[in-house]
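Pasting the structures in now, so scroll down.
In what comes next, chain A is part of two complexes: it sits with chain B in the first one and with chain C in the second one.
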Partner chain A sequence: MDEGRARRRGVSPRLWLAGGWLLLALLAAIFAPLVAPQDPLAQDLMLERLPPFWISGAEPGYWLGTDSLGRDLLSRLIFGGRIAFIVAFAAAIAACLVGSMLGLVAGYFGGWADLVISRIVDVWMAFPPVLFAILLVAVLGTGLSSVILAIAIIDWTRFCRVIRAETMGQSRMDYVENARIAGHGRIGIMLREVLPNVVPSIVALLSLEMGIAVIVEAILSFVNLSISTDDPTWGGIIAEGRLSIHQAWWVLVFPLITLILTVLSFSQFGEALKTRFDPVLR
Partner chain B sequence: MLLQRFLIRLLTMLITLFGVAVVVFIVIRVAPGDPIAMMVPPGATDADIARLRALYGLDKTIVQQFFIWLSGVVRGDFGTSISLRQDVLGLVFNRLPATLELAIVALLMAVALGGTTAILGARERGTAVEAGIDIASGAALSIPDFLWGLVLILLFGVLVPIFDISGRVSPQLDLPFVTQFYLFESILRLRFDLTWDLLKHMLMPAVALALPLAAIISQLLKQSLKEVLDLDYVVLARVKGFSETQVILREALKNAALPTLTLVGVQFTFLIGGTVIVERLFSYEGLGNMAIDAVINRDLPLIQGIVLVFALLFVLINLAVDMMYALLNPRLRHG
Partner chain C sequence: MSACLEIRNLSAVLPNGQRVLRSVSLAVQPGEVRALVGESGAGKTMIGKAVLGVLPPSVRIVEGDMLLEGEDLGRLQPKARRTLIGARTALIPQDPLTALNPSRRIGSQMTDRLVRILGWGGDKADRRIRQLLDEVQIRDPDRVLKSYPHELSGGMRQRVLIAAAFAAEPRLIVADEPTTALDVTVQKQILRLIAQLQREHGTAILFVTHDLGVVAKISQKVSVLYAGKVVEEAETAALFAAPQHPYTRALMAATPRYTDPYASLKPVDEAVLAGLAAEIAAADQAWRRPHG
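Our next item is the complex of A and B:
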């Protein structure tokens, strides 16, 4: 037990590293106009494909170099973070609310509710998610709210499946039976007794889902279906980088590193939060 | 028992497919933008447009359109692609083999890589080797196939350009194939020069798809192996003088593989779902790449057909895994 607790506490550096990167990226995105060294949209053909600062030929003020239109890469990454974080938070929270609620209902009430919800989840799972996302955005029209809506519509099943299974497990526990004997209503028990016990899983999934939402947004930008083409997005920069990969590798490398760090951080952050919030481990 | 289980699964499978058909139909029909308007040349009269609408059945109510389409689908008639003006089923079957080959190669790679690291990790449990495998599989799992694809493009397309990062086969090659299963057919025809060229194109997208799955297999199988390795019969084998590797391969693996198998089934469908964007990334001419074009071109019949074929593939894989599990699990077999 003590050993286990010590090991849980050893998780902390992971939490700090992941949280640190996310905080840094988030603050940079929020204060983008103050932090970004250049205008992310300013094109200058005299400055096209400048390399990053440590390579000869770099210009001061353009730390990570420029793309094929002479736009500053670092500034575009910082501004691109705005859309990434808005999508991450909004889409993940929406998916979480819908999915967790349906999962709770299916797991706690069982019977017809479970049957119907589980069949819907089956149908959803039979769609290739990326294709579903592309299709939805094509139908809803490109734009920030379409992207958020599409991700929420697709990924609620992730929450629903996990929360349903956990709720089923919790519902069989003694404390639920005790609450029932004590005369509490079913919905009251579900929300007051069962829900707090599945919160650690919800929190972990929520963080994981934020990472996934960032990726889906990047994929949609990559196939040119996300937000308007004017605003820089991480996926959009990657799409440009993929095209000019032999002339300017940095246009692909830096957004890729940014995305990988962000996704890793979200998943690690979620894991660490889960062990922290878990009432049994705590 | 087994037959009953099979029939129940078959029924739910049909319900799922019907659900997919309904959902994709609704999603597509609420789409703003008129596909007919995109087809007709400028200057077409209203009568021409009306005739085209009637030709594609777009003048009827949505419910009517759905059942007309569904009755066609049941007979194998998926309609005609609006952008390519060809039979949808023919187009889909033309591209499906490329995607299947990619997915199967990726699956084999994932099983090989995941299995090897799991066995290695279980044998070296508690050492730095196991810790290293844990870190590697953690990273492989957290980074999705899209990003792996980009990393591979950078590493082996630009930095050390040894693999092809675009297309399915070198365009200048003369292809003798009669099927669309180029890779399998090239092996059967003993044309290993073509096999090599196909593999050089397929390797990077396949690795991108395989890495996350390999990580899952590695983690789960290692966990099961470690549990089994403490059981009496395994200890007995060890006492008999088998080496640790022999113990794992001959005694433990058989019993530890079952939970992994179920998971691999579900994860394989995720892998196939991943082909959509990975094919796009590597300009690989498969079904997923065609699907994205179909969405961009608002080619409704083609989108419907592709989505339904993907869904059919997914439910069939789940059914197969479920049946395999029932056959292999002694508790269910004798139940």
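Our next item is the complex of A and C:
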């Protein structure tokens, strides 16, 4: 307990490392036209498969090398971050709103509301998520908004289950009963007494979900079902890199590293935020 | 003058048909402290919850009336009942650790009922809360009002809850074992505080406890409960002087005494329990006949 407290009070390296990477990647994505050294779409067959800068044969200005069409890998990663972050934020927030609201209602009101919502969640979770996503995008058509919608439709259950359980635990606390006795209405109690106590969990889940959304988007673009324009995406770059793995390993490895770091940072950032801002743990 | 709280023939059942309250009747006069004493599971807390309208959903009231200052709670619409209970009653809970919302500051929790239910202005509510904090001998109200519950000790939280209970000048307070979760040295202070505020404000209290020592200190009248049935009811002084029911006598004999600290603890006599079981079985049978 004491050890845990000391760790929480000190500067959490987890929070700073994860937050630092996310901030860096986010800023690079936002200011992509300014920071990207090259045009991510410019092909130059004279410059195909240039290695990263520390290997002989590298060209200055192409830090991470080029792919088989001579496009600058670093620039493509930076521009790919735009799609990744847009999908991460939009899909995670949409899934969070729907899932948390339903979870709160199911957990607080119980009874029929809980029965109906929980059964829907059970059925939903029986679908294999990636296949479900592919199916949804096939139905909705490719494009940024369908990817976002598909991820939200699949992943709201994650929020719903966790928030329902947390809400049930909180609803049994005496302070909820006290608010009842004082004469407050049930919806008011749910929003003003219970909700603030599940917010730390919502925040942690939201961050985790952003990481998951990045992965799902990468999977969808890997199977060529994400956005259909020429804009680079991390999954798309990985798919191209797979084809030239023997000639240019960097085209596969760097987007993978970027993807892993980003997803890991999202989940760690969420957990670190939760322990830092939970009033009970604090 | 009508009673502050009157319970007539209250029976409640579980889904399996078992009665948890067996035709309970009791009255609390204005300004009076009525103790409800009994073992765990005797239904003491259940009565308190029934009065406050927060029975668990599985428990169903099948018979009886509850009158709060003459108003029949059973005849009111749910919304009107909530408002009436909210305005005229309050609870001093058993466990001060879970009775305060961990994510809200003490100040906003305490003024909540005054502002949102009773419609007081913010300043008036704030003054009132500070006055009550002073009465429960909290000397640094500014710090306490700005604190989160986890920043206060158990005893401090119970003081806050007592202050909150008295703040809206309720006619009736249900005190549900308010000292059980506290350690012994704090128990005494808290008990004294409740007694003092009760006298000053003239509030009636339904005091739920399993501790006969507490009963003797704080109450004027006692109802002894066993298995959801009132087995004896009397003035506190009379009860201690001459307990009538064998169960009451057995309970008193089972209470450890400072005068003889080395005596081994006596459980309630088997014969008494057998007698009680027969009494309750007979009562249940008599009750079921007209109720099918």
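What we mean here is this: the second predicted complex is superposed on the first by the 276 of 282 C-alpha atoms of A that agree within 3 Å, B and C clash if a C-alpha of one lies under 4 Å from a C-alpha of the other, contacts with A are read in each partner's own complex, and residues count from 1 in each chain.
Just so we're on the same page, a contact is a pair of C-beta atoms (placed from the backbone, for glycine too) under 8 Å apart; a residue touches a chain by one contact, two chains touch by 3 or more.
In this text the structure is predicted, and so the values were computed from the model without any measurement.
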Combined model on chain A where chain B meets chain C, clash or fit: fit
Touched partner set for A:L264, first chain B, second chain C, both or neither: first
Comparison of chain B and chain C by chain A residues contacted: B
Contacts of A:Y175 with chain B and chain C, given as first, second, both or neither: second
Which of chain B and chain C A:L252 touches, first, second, both or neither: first
First, second, both or neither for A:I215, with chain B first and chain C second: first
First, second, both or neither for A:A126, with chain B first and chain C second: first
Chain B versus chain C as contact partner of A:G141, first or second or both or neither: first
Three-chain overlay, vertex chain A: chain B-chain C angle, C-alpha, nearest 10 degrees: 90
Smallest distance from any CA atom of chain C to any CA atom of chain B, in Å, after fitting: 17
Doubly contacted residues of chain A, that is, touched by chain B and again by chain C: none
Touch list for chain B against partner chain A, complex: 12, 15-17, 19-20, 23-24, 27-28, 30-32, 139, 142-144, 146-147, 150-151, 153-154, 157-158, 269, 272-277, 280-281, 288, 291-292, 295-296, 298, 303, 306-307, 310-311, 314-315
Of chain A, residues touching chain C in the complex: 110-111, 173-175, 177-185, 193, 196-197, 199, 279-280
In the complex, chain C residues that touch chain A: 52-54, 57, 82-83, 85-87, 89-91, 93-95, 98-104, 109, 112-113, 116-117, 148, 150
Touching residues on chain A, where the partner in the complex is chain B: 119-120, 122-123, 125-132, 134-136, 138-139, 141, 211-212, 215, 218-219, 222-223, 225, 238, 242, 245-246, 249, 252-253, 256, 259-260, 263-264, 267-268
